[in-house]
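Okay, got some structures for you below.
Across the two complexes that follow, subunit A remains constant while its partner is subunit B and subsequently subunit C.
Up next is the complex of A and B:
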C-alpha cells in the first residue's frame, strides 16, 4: 500500500467524546457532531475548511490568531470558530465580507513580521502561513517595514529583536525569525508529549518561544526530542534538518516503528527511495499521532557506513572475514550445518530469532528449525525479557497475552507501574499515561529507582515504593494481604469469575504473618505504611490498571511476580473493562509477535505445546514432514550444551546474544566451542566476532511484513526502498532453507501470513488484505472476532475461571554479602535502544555517549568515589569499568546502569541466575562491589583487541 | 558451574515454587521439566540424581515422574 499523497486531514481541534449529538448548519450544510465539538471541527466534518493558524487537531484550541473567525446567527460579533463549541440548531457562516476583511487584516499583520524568502525556505510548499495568505487572498502588505524579528540588522545596526537559529538538536532546527508565536509547539510539548520544555516568554510584540531558561538551547533544555512541536509547527520555524537538506517529500509509505513495543504507526515521507522524514500517523491506533525520538528521528542507521552489505565467510573465527557471493555463503552455511548434524546428531544445531524481526521472518526461522533441520531447538530473545509474562499470565488467566489496548489508559483511574520506566522505555505510552495523570488519575510506582514518571508536572503526589531489587514478590504478596485483611476485595467478581473455594485457600495463604507489611518491610525496605497505602489506593480505584516491564520479569522469581500481579487484578476485579487490566510493556518492537510465532522451543505458533498431537498433525500436514514431539533447547540451555560439546551449530537472526545475554564470558566461550555460527544482521555485531558466516540483513524500511506490539496489535511494515543488501530477510532465510532441501517457494510475506492464519486458530482471520483495510488488528482475530480483540477476558477468562496462585517469596541466590555488598540493577534510557546497535549509529549519541553507573552519594563517599570518576564494578562473574554519577534516585545499597554500549559490557558482570519457570535471566539483580579505578578492565581490553581482530575483512578475491 | 549441577539447581528453584502450591509438588516439578526440558537434559538430570547428587527432597522425589526418552511416544 503505497502512495497516500493526501496527508492526514487536520480538523482543527481534537475530537470530542460525548454520547449527545448536536446538529447545526454550516454554510447551509447540515452536520451532526458530538456535543463539545468546536464549530471549526464541525465545519471540517461538513467538508468546509475554515482558515486557521493557531489551531490544529493535535492540541486543544487556544484562540490567539483570530483567523478562524465566523459569524453565527443570533450571536454578536465574530467568534473564533476553534474555541466556540457547537450548539443545537446553530447557523454558521464561514465566509462573509466582514469576515474576509478581518482575516485579511490578520494575515497582513502576520506577514509584516515575517521574512518573505518563501522561494528558498525549507517549508516552501508545506507552510500553513503561505497557504493562509493564499486562502484569504492577501495581495499587499500596507505596513511600513518597522520593528521586526527577522532582519539581522537594519540601517542603524544589528536588530535587537533578532535571534539566531538554534541548531543544537541534531535532528531539527529552530529559526526564531520565522516564528508567528501561534504556541502550537508549546501546547504540543505540554499536551501531547507531557514534557513542558517550551514556554512563550514576554507579551505582545515581545513574545517569543523559548526552550526552558533564556540561556537554554533545545539540547540543554528538558526537551526529549520527540518532535511533536516540529510536527505541529505551521511554518519553517521548527523543521526537520532532513527537510532542509533534501526538500519536500513526494510520496508516503505507511509503516511501523522498529524500536519499542509500543509499535507506533508512521508515515514515511519519501523522496524516491530516500526517507525525508518519519511522521507518526494520526490514525495509528497505538500512538494516535505521537512518537518519540527513536522512531521519528533515529533511522539513520539503515544507511550507516558500518552496515555490511555483502555476505562473508571464514573457516575459523580467528581468520579474517572473506567477502563472497550469496551462493558461496549460503552453500558454506548449509553444508556446515548438515555436516554438524551428520557428525553430532540432529539436535546438535539450532536457531535464535530476534524480537526485532517481523512475524513472517520469525515464523520462517522456527519452521526452518522444526521442518528442515528437524529439531525444536529454536528460541527467541524474548526469552531474556518477557518469557515469564507468557508463563505467568497463561497460568492465571489462560493466555499469555496482555489484556488491554493502549487506548484503555484514557479510562484508568489509577495506574500501578511496576518495574518499568515508561518515559524512557515506552515513551509514547508514557506520554499517553501522563496525559491521564494530569487529568487526575492516581499513580503508584513500585521500582528501586525514582523514575521520571513520578515527576509528571501538574500531577498530585504519586506513591513510590522503592523496594530492594529482588523483592517484588514479597511486596506484591503483602499488598494482596492488606486487600484481603481489610476486605477491600471485589467479592462479586471473585465469586463469578474465579473459584471461591480456591480464593479461600489463597486468602489463608496470604493471611500468614510472614506476608504482613511489617515483615515485608524488613526485607524489601519499603515502609509498611506505604505498602498499606498502595493496597488501599489500588483497591479503591474504580478502574485500576497495572503496567509492568522488565523489572518484573528479569528476576529469578519473574514468573511468580507476574502471577502476583494477576492475583491483584483478580482480587480487585480489575479485568475485562477499559481502564483496568494487566499490561506488560514489552521491550522490543516484536516481542509479542516473536512469541506468538512459535519461536519458543516447546511451542508451535499460537502457544500450542509440541507434544500436542493434534497441533503437530496440523504442521506435519502443512509442512509435509514428521515433527518432533520433544521440547528443544532454550537459549541458556544451548550455551550449557555447547560447553558440553553437544550443541555445535547456530543460525542467529537479528540478535546480538553476546551483548544482550547475561554472563558474557559464558556466552562467548560457548560460541567459541561451536563448529558453525551463522549471523544474519545489519552490522558486524558482537556475536559476529564468534561467527563463521555473516549474512547481511535488511532494515525495516526495506521489507514487507508485520510486527505485533505489546497490545497484540498486528501492524504492517511496508517496503519503502530497495534492500541495499539485495534481499529482504525472509528471502535470505528461504534461500538458506532451500540449500538444505526445504523446497520453499514463497514469493511475498503475505503468503507466509496466509500459512500462519491457516495453521493458527488465533490468527485465522488475519491477512494482508484485512490489515491494509483496517490499518491493524489485535489477535485473537478469527470467526468470533473478525476485526480482532481490543480487550481480553471481557465475559470470562480464557481458561474459564481465573486461577489464584500462592506466591511465596523466595530470596534470590544473588544476595549481597561482604564481598559484593551492593545490588546492581539495569535499565534503559530514552535515546538508546537495547544493545544500541541501531541507536549508537545515529545522532542519538548526543544524549547518551556512554553507559554510566548511578550510585547513592553515601555509598560513593564510603568508597572514595566522586561524581564523574571511573569506577570498577565487579561481581562473581566478572568486572567492568564505567563512569559513576552520584544521585539519590537510587537507594543506598543499590546501583544502576544501562547496557547500550559494547565497550561497557555491563553483562560481563551479570550472572547466569534465571527465572525458575522460564530461564529468563536475572538481569535486575546482581551483587557487586564498586571501587575507584583508572581505566578499562582487563576483560574490556582483551575483548576490545579480540573484537578488532575478528572484524578484519579481506578484500574480495580477484575474479 | 557444571551443567548437571545447574540442572539440579534449576529443579530446586521449581521446587521452591511448587512447595507452596496446593497439590503434589514433586509431580508438578516433574511436569514442568517434562514440558520444558529436552530429553537429554531430563536424562542427565535423572542420572545425576541417581549418582547421588545433593538435592531438595522434592527434586529427588520428582525424578521418578520425569519422562525419559525410551518412554517418549513414537513420532506421530
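Up next is the complex of A and C:
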C-alpha cells in the first residue's frame, strides 16, 4: 500500500517467471511481458494503473473485489484483470463506460460498510480505499446505512456486529471496523511469512479477519509479528502504532537491518529525524520485501533511555563513572594505552571489533591496531560463532564464505538444515525456505531439537535426525559413507571438479566400519535407518542445498563439521548451480563483513596472512608505516595473557564480551586484571562494568556504512538521523587514532571503502557509487565480476580442485558423566537477538521476558522438576538458575536454553573448550546437572550487585 | 483455550477420530463431522490438535469450522430448529416468520432456551424453495411454514 510514499510501485500481482514473451495492447499502448503475467501487471508495466483493492504484488491474485475488471476484445463480459493472464495479441481496455459503472457500484458497496471518518483516520492520505474512491469517481452512496460492522451502537443499542480493536500486539493495531475483508493480510501471512496465523472466519456478511481461533488475540495466536499483513493492508485496519501516534512519514531513507545475517533491506519512513516505521524494501535482494519482528519493529532501543550519550571515565573499575567531554575521554584513553605499551611492550594491548559494526568501522579498528598501536592483536567476536566456517570452507573450496545467494533457495529440491534454527535465528530466510517447502521441496534437519521448521504448515514430511549434541561429525561422516557405499555419488562431478585419487582415498577412509550408521547410532543416538534415509534423500535430490548455523560451528569440532558438510556437497555435485550449495547462516548482521575486513589477528582484509610479504607491502605503502609479520592474539589468548599479566589494554568496540563469550568468570577476571579497558557501545553493557573509559556509540540509524550479509552481499547502511551521541562510530575511532599519533583524515565512510577496494582484490570494484546504483553487490566484485558474484564455484572451485578432507570424529572433552549427566546446548529465539542488548530494550519482551530451560519431561520427572519451576543448572565451570519448561522438543538427556538476558548468564555455565582449528568456543555442548531451586544463584546475586555498583555515575560530575 | 481442560478421555477420542481420517484426501471435513457427532459441537480445544495432525494451523481450522453454519461452536440444545433465511424463502416472508418465532420462543438465532431444550439456527436453503418459507426440526422438514405450524412442530418434538 502507501503508493505515494513508497517509491517502488505496486504492480498488483507478482512477477511471472518465463522465457516466453507475450505482446499485447493496453489502452492502445503496446507492451511485452513474460507469459503468465496478469493483465493487471502488464497494464502497470505499460504505466497504466487499473483500480484494485484485493490485489498487491506481494501475494498472488485472488480476484475477490471485482474493482479491477477490464474489457478485452473478443472476450465476453468483464474479466478481473488481476486473475486474467495475458495472451498474445490481446487488446485490453481498462477504462470504458461499462467498466466505470461496475467499479462505481463496487465502491458504493464497500463504502456502505465503512466508517467515513477519513480526516481522523491513521491512514489518512495513505489509504488505498480512499485512493480507489477517488479513482472511480465515487460521489454518492445510494445505500442506506443498515447492518454494518463499524458503528459501535445504533438507535436500538449496541451493534452486535461491531468488534473492538485488538491492541494486544505491542507494535500494531487491528481495527476490525475498517476492514474491507480483502484478505490480503491472510494471504501475506500464508504466502510471504508462511505462518498461517490468520484466517477469514464465517462467510458472507459475517466474514471477518481472525487471528487464530475465536478466543485468540493477535498476541495469543501463532502470529510472530513479522508485519507482512500490516504492510499489505490497504486500509487503516492493520496499522503500525507509530503511525497512529505520529502520522504519515514524509521521506524515506534506504538502509539495512542491523540484527541478523540475512541483512534485510529496509525503507526507513521518516518524519524529520524521527523514524515513523521501518518497511522492508521490495527491491531488497536478500529479503524481497519481507522482514521479521526485529528489523521491522524492534528499533526503539536506538532512542531508549538506557542509552548513554556522553563519554565517561574512571581511574579504577571500582570507582563510579564520571561524565567528561569527548576530549577528556579520548585523551585519557589514548594516554593510558600508550603508557601501557611503554611499560609493557607494544603487544600488551589490543582491540576487539564486533560483527555488528559496519565494514568501515571494523576496517578502521583493525587498522588502528596494526598501523597505530603497531600490533596484530585484533580479533572479532565472529570467533565466537563463525571462524570454523572461514577455515573449513577455505580449506575445501577456497573461499571463506557461503556459496550461494538467498534467491537460490527458490530452486532447491531439498534443504539439509544442520545446527540452525532459521525460523528464530534467520526468520526471513526461513520464510523463503518455507515457501519452497510448501511447493514440495524436501527437508532434512540435523539438530538435537525438533525445530519449528519441521512443523512448517502445508509441507510434506520432513526428516529429523535428533542427534546428541557434539556428534555432528560422526553423523555427517556416516551419511557420506552411505552415499559412497550405495554408489549415490556424482562421479562425473568428482572427476572433473575434484581429484579422483583423493576421492578414492577419502572413500577408503569412509568405508571403515566405525563410520557405519549402526556404529554411529551408538554414539549419536540417531537411528541408523534415519541416517540412511537422509543420505539417500540428499543424494537423490536433483538440487540439494545445505544450510547450517551455530549448532555446527560452536563445537570443539566446528571446523571439521564444516569440512564434512563441504564433502557431502562435493560427493553429490551439489555446488555451482542455483538451488545447491553450502551456506552458513551467519549469526549477527556483519559476521561476514567483519571477517572480510581483516579483524583476525593473522589476516589482513580479504583473508591474506600477515606473514605474506606482498600483502604486507600493500598496506605498508597505503598506511605509511612498517607492519608486524607476527600474528597477534586471539580473544581467548588475550584473556589468558591478561591473567598472566602480559596483556593489559583493550579497546572493545560494539561487543559485550562478558555476556557473549564462553566462561564468563574467566573473562571477568581477565578484564579486571587490565590497566585500561575502553568500551565503545550504545549502552553500559556488562563489559563496561570492567572498563575505565566509556565511549558512547551511534546506532545504525545514525551512520553511513556497509554491512555484508551471509550471502556476501554488501548492503548500504544510511544515516537517517543525527547521532545522538554526537559522532558516528568511525569518527570516534578516527579521533582515538589521531590522539595516538595517527594522521587520519577521512571525511566520509565512502573514503574508507575506497581504501578497502584499493587494497583488497575481492573488493576492488566496490564503491559507494556502485552500491547506490545497484542497491547491493556480492563480493568478489572486481574486473572479472564488475557487478559482483551471486554464485561461487560455478565452473571450478576457487582453490582449483575441491579438496576432500578426512573428517575423523573426536568426542568432545565435554562428556556427560555421573556428576553432570545432561548435555546443555544453547540457541536463540525469534524476538530476541544475541545478548539482547537491543531487543531487551524494546517491546519484544512481551514474547520473551526471560530465558528458560527446555527439558524433557522424563528428565524433569527424575529430578522432581515441574513445568515453570526454578531450576539450578550447574556445570564444571559455574551455575545459574532459570525457569524450566517441559517439552519433548529436546531428547531425553539434552537440555536447551537461550542467552538473551544478562541475569541468566547461560555462559557462566558453558566451558572454555574450543574448536581445535580456530578457537571458536564450544557453546553448544556443556555437561550439566539440573536440580530444583528456589531462586537466583549466589553468582547471579553477587554479579547483580557488582554490576549495580560498577554502573554508578557521579551526579554532576562533569566540570 | 485451556489445554488443562482437555481430559484424557477427550483427547483419546479425538485422536481416534483424527487417526480414522488422517490418511484420506480432504480429511478435515470428515473429522469435523465425526467430532460434532460425538460431542454435538466442535470444541475449540480440538482445533489446535486437528491442526497439528493435519499440518495446518488452528486459524485455518477455525476458518473452516466457522465457514459452515452446521458446525456449532458450543453445544446445542437437545433439539435444533432451523429456519431457512435464503433468498426464495425470504421472498415468501421468512424474515417476518423468523421475527415471530424468535419472539415466541424468547431466543435469538444461535441461542438455546434456558431449559436447554431447543436451539434456534438459521439455515441457508433446505432445498424446499418451491414451498417456502421452510423450516426443519430434527429430520422433519416443514414447507409453507407459519408461526402456528412451527410451534406445533416444536411441541410434537417435545422441545
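We adopt the following convention: the second predicted complex is superposed on the first by the 949 of 959 C-alpha atoms of A that agree within 3 Å, B and C clash if a C-alpha of one lies under 4 Å from a C-alpha of the other, contacts with A are read in each partner's own complex, and residues count from 1 in each chain.
What we mean here is this: contacts are C-beta pairs under 8 Å (C-beta built on N, C-alpha and C of every residue); 3 or more make two chains touch, one makes a residue touch a chain.
Values in this document were obtained by computation on a predicted structure and should not be read as measured data.
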item: Subunit B versus subunit C as contact partner of A:613, first or second or both or neither; value: first
item: Of subunit C and subunit B, partner touching more subunit A residues; value: B
item: First (subunit B), second (subunit C), both or neither touched by A:805; value: first
item: Touched partner set for A:216, first subunit B, second subunit C, both or neither; value: second
item: Partner chain(s) touched by A:200 [first = subunit B, second = subunit C, both, neither]; value: second
item: A:602 touches, of subunit B and subunit C: first, second, both or neither?; value: first
item: Touched partner set for A:505, first subunit B, second subunit C, both or neither; value: first
item: Subunit C to subunit A touching residues, read off their complex; value: 1, 44, 47-48, 52, 55-63, 66-67, 73
item: Touching residues (chain side subunit B, partner subunit A) in the complex; value: 1, 3, 6, 10, 13-14, 16-17, 19-22, 32, 35-41, 69, 72-73, 75-76
item: List of subunit A residues in touch with subunit B within their complex; value: 347, 377, 505, 509, 556, 559-560, 601-602, 609, 611, 613, 616-617, 620, 626-634, 637, 640-641, 643-644, 646, 805-808, 810, 912, 914, 916-919
item: Parts of subunit A lying in touch with subunit C, wherever the complex brings them together; value: 195-203, 210-216, 221-222, 455-459
